[in-house]
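In what comes next, subunit A is part of two complexes: it sits with subunit B in the first one and with subunit C in the second one.
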Partner chain A sequence: MQSLNLNYYYVLPHIIVAITGIMSLLFGVFNKQAHRDLVFINIAGLVTAGASTVRLWNLVTNNAKDGPLTAFSGMIVLDHMSLAFIFIFLIVALLSTLISLNFLEDENLSPEEFNSLLMFATVGMMLMASAGDMVMIFLGLEISSIATYVLAGYRRTDLRSNESALKYFILGSFSTAFLLYGMALLYGATGSTNLDAISNAIKSGNNLITKQPMTLELLYVGAAMLLIGFGFKIATAPFHVWTPDVYQGAPTAVTAFMASGSKAAGFVAFLRIFVITFAASYSFELHTTWVNILQVLAILTMIIGNIVALSQTDIKRVLAYSSIAHAGYALIGFLADDWTSVAFYMLTYSVMTIGAFAVVSVMAGQGDEKTDLESWAGMGFKSLGLSIALLVFMLSMAGMPLTGGFMGKFLIFKTAWDKGFHIIVIVAVLNSAASIYYYLRPMVTLFFREENESNPIPLMSWTAYVTILLALAGTFYLGIMPGRLFSLLDVAKDVIK
Partner chain B sequence: MDALKPYLLNALVFLPLLGTIIMLMYDQIVGKNEETLRRIALFFSSLTFIASLPLIWWVGDPALSVNVPWVENLGINYHLEVDGLSLWLVLLTTMLMPIAILSGWTSVHNKVREYLAFMLVLETGMIGVFLAMDMIVFYLFWEVMLVPMYFLIGVWGGERRIYAAIKFVLYTMVGSLLMLVAIIALYLLHGDHAGGKATFDMVTIARNLADSNFLTSNQQMWMFLAFGLAFAIKVPLFPFHTWLPDAHVEAPTAGSVILAGVLLKMGTYGFMRFNLPMFPEAAHYFAVPIMILAIIGIIYGALVAMVQPDMKKLIAYSSVSHLGFVMLGMFAFTDMGMQGSLYQMLNHGVSSGALFLVVGIIYERRHTRQISDFGGLATPMPVFSTLFLIIAFSSIGLPLLNGFVGEFLILIGTFNSAYSRWFAALATTGVILSAVYMLWMIQRVVFGEITNEKNRNLPDLNLREKFVLVPLVILIIFMGVYPSFFLNRTAEQIKQIRTVVEKNKPNNPVANLK
Partner chain C sequence: MVPLSWYLALSAVLFTIGAVGVFVKRNVISIFMCIELMLNAVNLTLIAFSSFYKEASGQLFVFIVMTVAAAEAGVGLALVIAVFRNRESLNTDDTNLLKL
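And then the complex of A and B:
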């Protein structure tokens, strides 16, 4: 007799965020006036969810010996990796809520739907993080993607925003098809959709249903499909082409959310299937194969992202290509079979990316009009605080010490070098050196050019102010005092068997 | 006084930063007054200088060292120490900074607050580089220093400032990121050797390396190259020097002074701190190529300097030449050569810093740096001309002035080294060439008839400018007549490094070169 094992406690953060989303929707129905107060509902929900995540983390730490905690018959896995990423999503959602308020008010767009969509997208990502089954990954992905498609087109009257949403939708569905196909083939090969069962099947070499040796072609083709699908989601070259257009057209607050949250969600599912389910201890050949492919992809991604970014003139496109390059750096953590460095990297990356987009959304003014770098000429000293904040985020992305970006890169490079991936580390390092060029280019326009008197000083709302301050604090905290996080993550390395 | 010792090094690093913070908050408290801002900056940099003076007597005192764990699970410690190698470089930095701030007193009017803030942050970075005894802390200061320099060149620089600033940053970044890889590799290899007790502490690693060399020759070579590239770009060793003329020419006077005076020394300091004691075997393999590059730099720099029509560019290329001497002496692996090398770092810092100040002074009067625009300045500006002459002589290496001591030690050390005497012979031509370009410039600028009527009524040095130049001239003479005051404090450290290098000499370096 099998128990159903519906352990609701293990999905408490998900439930809280989902309820928050529903509440902001209902709040909008019954109270048409108080738009601003919506933010507080979201903040309260996200903070509560964060607190419950911390509790669950302790639970997992204390139960480390008893094996992984599962709920809903293995659909949900509760481990350190899922919780770490859930925490990242909560931070991303919090900061995105804060920066979005400004443009929603300015442009008379309704914040109720926006906020609830944001929460639903976050729930989807959280489900992806804690999925223990391919079906769950797919469900989480769809929940978050569909909400994000709508968010990207939220500026309904703006053509660019529509273009962005449509592009994102079509290419997103296209890549989801790959994923789904890959999952089907994997099921065909192994006879299960449960990731734990798949690992065991790969190890034994037998299909779980037929008890016959599995068709290896199915397994490998399925894995390749999955690789392509995830490649789209996290924007690795050569599957990155949609990113710049989508990032540029979407409202900046949404771009920030997509660039950090959606990407991190892709990463966690990617990690779950490749690094954990296809670990070397289950099948050495499969592991070597994907490591080799990923090595090439990572190198391509870094080089293409960085080189194309050099020639961009629009700050949102610069950041889009930079986010492609960052996916390349983070992939190096995959090679070293170390999810903790990837999680830390995604955390630092999310904080600095949202910070940078927050500055951009303020500088670009109403309707995101001024995202062309030229229009910022000489603004640096006029709005010194904003410019210095942007400088910090840019330097952090370039990997300057004292900022989170440095610690993230440092950790990734260190683990990869330790595992013997020397060439790729050197390629990555040379790429970061080149990237400093385009990260400092906004500074050239801001500070080194003559002032344009007609440019007004951008107005900053308190939410944008708070977001930028939080992101700055986060960037410096991660760069200067990462010790506590490192020791937390050190405890948590046990996920990979 | 002893009670202050544990705080001194931290004070040196953070005093300038404190000044920055006060300045940035200042205009919200009192309002924007350029004069007051300048005084604050001068006060903090002078305070740092005064605070650094006791180091001369306290150097090597273990009570000075600061060592607190920073990121414990990675083995990063916030470790500061001062020893014979870094002592004078720290003092050079703290001394040049108030002078540099004073030099821009009347010439910089654009965004004064930010300008001074960047200068002070730069000082923090430079002092940190020299004091850091943990590789990550070293790397941190090394990189952080780039940002203020980038802005100093980019905002307050000359016409081609954007190009120069970006070039400066890109060159440095490529080198320093490869250095980061080498730092990580060294850390991991040391961790394997020390049985899991991984650390970035330079002192520990250097000691363990000296006790039992856990690096294979191949590993040593790669690390030497990775560290060496970062430092060679900073020095700059030929052929990595091309960023230097651009950065020097475009930077504002104070920026050039700091760039020439201190930043270039960070490269040579890095060689002495990392490459020689940590990878001694590789140092032997690469000694001959580096010496050849150094000599090319000496002669090439001097020849190019000779034909420059622009004074700042002339001095910039003369730096390439002088730093070639520093590298030559260092890789001679003799006590004298290495002592001279360290001494020449200081000399170059003082005299080329002073030369840039001189150019800044006449640029402020005439807004041109072209040699052909001047002539006969001795008549309207006698005090200036005298000081200029002494500084130029120091750069040439006239006996009784500081340049002579350094160059002489280097040449003797190279002559007596295990390598070909031709190195010393060729380097000596550099001394002659430096006399040619310096004296020729002096002749065209200071002496002769006044060719340009605009120069006839130029005012001589005012009090502020005297305060800028006279201390440097006194130092030039003091260093020339009493070098043992400086050399005594560095001798032991140099000897240690040389012993380590000597001990690890491969039997047949040429055969191993393949």
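And then the complex of A and C:
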């Protein structure tokens, strides 16, 4: 029996972000005028949380020998994986806050609620990253989902935004039901909701309470249900249909947040259950079964994502299908049992996706009206800086050397290749070569087409400017000098025993 | 005493009815009720296991699921109202703006 270990230090980043959210809500009540200053509250909160995450990382590195650190009766696990993903969520939240200011001011929507919902969604994702219990994964998922449903429908009078929020809500809760059913069956099979206890039960093959051999049907059906639930959350192939609709209709800043943050949160919980709790050393049959299923899912996801993206005419839908394809690439990291490559991939993917959506939000103008690629014809030379930034992000997504996207893909493909997954790596490389076509199509429209009508030059606020610059810097940093991060992640590989 | 497998079969049936209903129904409120049915099927599974094992953690999970489902219903119905105000319809066949 674990002791009730109320160690608030282990959840310090979560607490700081939650307080930031509450503060930005209160600030809006007492100070109606100074909307811009809210951004600084969020930035300060996120940077402080980032600093405390770094301190916790050092703490974990120093205590690596004593096994994983847990708190709150095993509800919270503090390890390198959770901290790495928490760091990604903080970066995502920071960049999303910066892009959102533009459209909130233009359309006279209240930024205080937006910012606090963004912070609460981030707290939910962070809890998913550090969950050590299925209850906590569920709670974190719902905290982030419920806040994100509202964010997707934040343009209250816009029908597209309404529709996006409704679709996200229905499919989100539908997939949560599958996830929960899987958790219930897993509890039935093993007799515990704690992930550490579940992995012990799987290792011994006995139910923890009855001490009898566990019912394998329950375990396998439960794992399948969890796979479906997570498949919806990270948008893998047969469960991806909601993604383009939701991403297209939501305000672009929210789309950026969903495409990077929500997806990474799905990935970390998925990793926690499938790679760590169902690890190969615990149950060989269970492990090989889900590895085989994931292989099929990853191939389907990459191919469907890339092929359907070819025929899209709306830039947000192109990016949505590209994000589906990227989920396929990241799934390859699961096969090799290597969370570090998935974490690095999610970091590079988040940075370039948010960068691309930041450019889209500026180009689309007020109300996200011009997201159709046709309306961008001939705009390239008018907004040269933006177009070049978009080019860099698109090339990075396609996996061009010197950009972060290349390094992320390289790391994933290399670890999978070394483990003997040759066919899937070849499929993935071919896929990313084919994806260059639709990544470069917006460039052709921007530079080599006649302008339809005299479009105004897109106006850029300083926050959008800063976001795009930061994302560009991040993309190049991760592509050219990832050595320091690689060595940090190399030290951190310890989670999988 | 009713054996555990009966409870599990009942909750599996309820879950399936809910899941099928989500695809078949056309009204947003009905779809939402189908999702609630799925969640309650899960609750039944958890409680059945919990009472079978004579252990409380499953029941605690149910409390949390119920609380979260209530919060979700609050947000979901608010979204439904927002859609209805703009569109005057709750039929999912009418929500077709975002299509290729």
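As a convention for this text, the second predicted complex is superposed on the first by the 491 of 497 C-alpha atoms of A that agree within 3 Å, B and C clash if a C-alpha of one lies under 4 Å from a C-alpha of the other, contacts with A are read in each partner's own complex, and residues count from 1 in each chain.
Note that in this section contacts are C-beta pairs under 8 Å (C-beta built on N, C-alpha and C of every residue); 3 or more make two chains touch, one makes a residue touch a chain.
Here the structure is a predicted model, which is why all the values come from computation and not from measurement.
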item: Touched partner set for A:395, first subunit B, second subunit C, both or neither; value: first
item: Which of subunit B and subunit C A:6 touches, first, second, both or neither; value: neither
item: Partner chain in contact with A:413 - subunit B first, subunit C second, else both or neither; value: first
item: Touching partner for A:459 - first (subunit B), second (subunit C), both, neither; value: neither
item: Touched partner set for A:26, first subunit B, second subunit C, both or neither; value: neither
item: A:440 touches, of subunit B and subunit C: first, second, both or neither?; value: first
item: Touch count on subunit A, higher of subunit B and subunit C; value: C
item: Touching partner for A:296 - first (subunit B), second (subunit C), both, neither; value: neither
item: Touched partner set for A:432, first subunit B, second subunit C, both or neither; value: first
item: Partner chain(s) touched by A:423 [first = subunit B, second = subunit C, both, neither]; value: neither
item: Contact set on subunit B toward subunit A in their complex; value: 70-74, 111, 114, 136, 139-140, 143-144, 147, 150-151, 154-155, 161-162, 165-166, 169-170, 173-174, 177-178, 180-181, 184-185, 187-188
item: Contact footprint of subunit B on subunit A as seen in their complex; value: 381, 384, 391, 395, 399-402, 410, 413-414, 417-418, 425-426, 429-430, 432-434, 436-437, 440, 443-444, 447-448, 482-483, 486-487, 490
item: Touching residues on subunit C, where the partner in the complex is subunit A; value: 8, 15, 18-19, 22, 28, 31-32, 35, 38-39, 41-42, 45-46, 49, 53-55, 57-58, 60-61, 64-65, 68, 71-72, 75-76, 79-80, 82-83, 86-87, 95, 97-100
item: Interfacial residue positions of subunit A with respect to subunit C in the complex; value: 134-135, 138-139, 142, 146, 149-150, 153, 156-157, 159-160, 162-167, 169-170, 173-174, 177, 180-181, 183-185, 187-188, 191-193, 209-210, 244-245, 248-249, 311-313, 317
